[in-house]
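Each structure below appears as structure tokens.
The same chain A turns up in both complexes below, where it pairs with chain B and then with chain C.
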Partner chain A sequence: MRACKLRQLGIVAAILATGTCASLAAQSSSGTLNVVLQNGSGLQMVLNSDSSGVTLGNAGTSSATLGFGTVGAYGTLATNVTRTNQTNTFTVSTFFDVDVAESGLSSTSYTLAATLSSTAPTGLTVQIDSVTLSTTSATISTSGSYGTNVRHTLSVVVSTAASGSGGPTTGTQLSSTINLVATSN
Partner chain B sequence: MTLRFSFRNALVCLLVLLGSLSLVDAQTTASSSLVISMTVQSSISLEFVNSSNSGEGYCQVTGAGTSTASLNLGIASISGDNESCVIFSSTSSQYSISNWTYLEVTESNSSSSSYTLTASLGSAPPTGVAWQIAAMPSALTTSTQTVTASEAYATQYGMYLEVTVQKTAASGSLNEAINFTATAN
Partner chain C sequence: MHMEWKSFSRRLLVAAAGLLLLPAGHEAMAASLGNANLTVTASVTSYVSIAFSGTNVSSGTAGNSSDSFTGTATLAFGSFNYGSSTTSTGATVTTGSSLGTCASNCIEVSQPVTLTVTAYDLNSTGYTISASLATADTTNGWALGTTSQVLSATGTTIAGPGQGGSFAYNTAEPLTVYLAVPQANGSSAPTSISNTIDMVLTAQ
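Take a look at the complex of A and B:
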């Protein structure tokens, strides 16, 4: 009977000792962070100056400006602006580049379309690659290549008529906004 | 129970499949804007042209269609001229060579209906030599003089140009530059 009690006392002591060790081991902890990322698809378009074109303002962004400067049917023009004269009109032209990058797509080309945000000023007709622009979307190309500067010709056909007779207002800056949209094919 | 579980699995698979299909078919777009600007100015152009007539008095100019042309009146003396296209006359004290010369002025983006034409010599002629345009009251000088005060655009304007050489004039080249300026009225 005494021996039995001693055995029980020993077991209790062993349990207590084990509990103390367990308390010391609980000073480290571990966890798992499950990171979730979904690779989506997307396009990015920026406008760049062409080596033979007018230098763009905000080149390398998706919101650029292009100034033809002062133009006339005769006389000098800004650098990299060319002119052709036709009956009743003259056309000034320059180059600009479009660079479209893609990610997460199996598409190999894109379609480029353009619209004017509002009707062109009186006496002016805006064209890209000879496609006349309006407030309705017009397709410029259907096979643009990704990841490279694609050259486009921007032209403005100017009526030679006098202001008030169908021609543009002279002596003041005229502007027009072209909205470009690239769509993966 | 087994059938219901299978239907749920099938539905999940269908949704996953539809989701995958929509990812594959989705067209991705990117947009940008390009603001273009220009200032149109009124301008006029002067160019020399050849007459459709030929024969005496109608020498052809080289550089027709441009604003810098040349007219060859040949080699002359009081005894005559080696160019058959000129009109030659002489007296005992002088000889004259005449020729019709044409120019055309066009205008763009202007409400002007006529222009004024002036002329001047690039340098004073040698002693005993006088250049004159028949419409003008006196010989040309290095000072600007009015040739015509109101001429219509886009029509050929003919000038009867005459050079008179006194027999006392020294032999040698009588080359002369005659500068014309058209100004919109």
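Take a look at the complex of A and C:
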């Protein structure tokens, strides 16, 4: 009996539905589709050439190169490379810029740290803003500003000892890669 | 029809779940870090500097060891008279000379000069010196280091204290300059004597 009533209701509902569709065929209907795009938060860092520094390779990206050219205790250096001589070492320096953009964060500044991907070539010491770099992370600054080029000084301290006595290999290109990490404060 | 709607509904749910998960995962991955790599390159070249020093010696100049270069200095003996023990600038005057360049009486004037060669990134254990006169002098005698190392217009090897007669880098090496002037009765005294000692330094 109950099954019969349900079947009857279904039939009635089908008839109503059919009739409704037929009667609304010339009318319009509307609906609302809410689309939400959530922008992922995070930091993006790019390296730029400084106006007083050497021109970077792949400037404006997060993987750039900086060539000091040929350096020595005396003699001509590349444009925008400076040198200071110390006892047993000399230091060549130039500028580069770091631009960190933030998105979706409430942070107002960032901490910049740097690490060498591998030990520096013998006889060379790499520094950023006078902070000596190694394969262990070193803090360069704790108050970096977002959305602007922040100038940093890259220096290479070169031992004047002969190669084999703690000095660098001469006449060949030496390379070292710095991994930079910006962390929002 | 019902099955199709159900299938579409499932896909929608999956898509919705994806939309929910993607921003959450994205936010967690890049919440606060930005990374960049800077590859630094440099090629180091060797240099040396040469410096002369001492009483009456002007300062020298520096140059590139990989090129031909000249370090220069001037030694001023001043004026001297026969019988005096020093010149007007303080150089030692000795009557007679051990240079063996005078046939008769000589006045020998000598003055210590210090040579310092500083090496930078140079693979060398020391250097040797060959010295010569820029202008041959048939009248006066010249020597460097010791009185036996008489100079001429051709090169003379100057013995150093190191192995093979070498001199050491980054060390003040004493090199006395000797000048023997013959004194002959009846001859007029020379008004001035000037010459240049060319020293060729060769890295070992």
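In the analysis below, the second predicted complex is superposed on the first by the 152 of 185 C-alpha atoms of A that agree within 3 Å, B and C clash if a C-alpha of one lies under 4 Å from a C-alpha of the other, contacts with A are read in each partner's own complex, and residues count from 1 in each chain.
In this text, a contact is a pair of C-beta atoms (placed from the backbone, for glycine too) under 8 Å apart; a residue touches a chain by one contact, two chains touch by 3 or more.
The model shown is predicted, which means the values in this text are computed figures rather than measured ones.
Superposition of the two complexes onto chain A shows a clash between chain B and chain C. When both complexes are overlaid on chain A, the residue A:Leu77 reaches neither chain B nor chain C.
Shared-chain residue A:Thr65: touches chain B and chain C both.
After overlaying the two complexes on the shared chain, residue contacts for A:Val131 are found with neither chain B nor chain C. Residue overlap on chain A between its contacts with chain B in one complex and with chain C in the other: 41-47, 56, 62-75, 90, 92, 96, 98, 100, 105, 107, 117, 123-124, 126, 154, 156, 158-164, 167-184. Those residues of chain B that touch chain A in the shared complex are 23-24, 26-45, 106-111.
Those residues of chain A that touch chain B in the complex are listed here as 41-47, 56, 61-75, 90, 92, 96, 98, 100, 102, 105-107, 117, 123-124, 126, 154, 156, 158-165, 167-185.
On the chain C side of its complex with chain A, the touching residues are 19, 23, 26-27, 29-47, 49, 62-64, 119-124. Remark: chain A residues 36, 38-47, 56, 62-75, 90, 92, 96, 98, 100-101, 104-105, 107, 110, 117, 123-124, 126, 154, 156, 158-164, 167-184 touch chain C in the complex.
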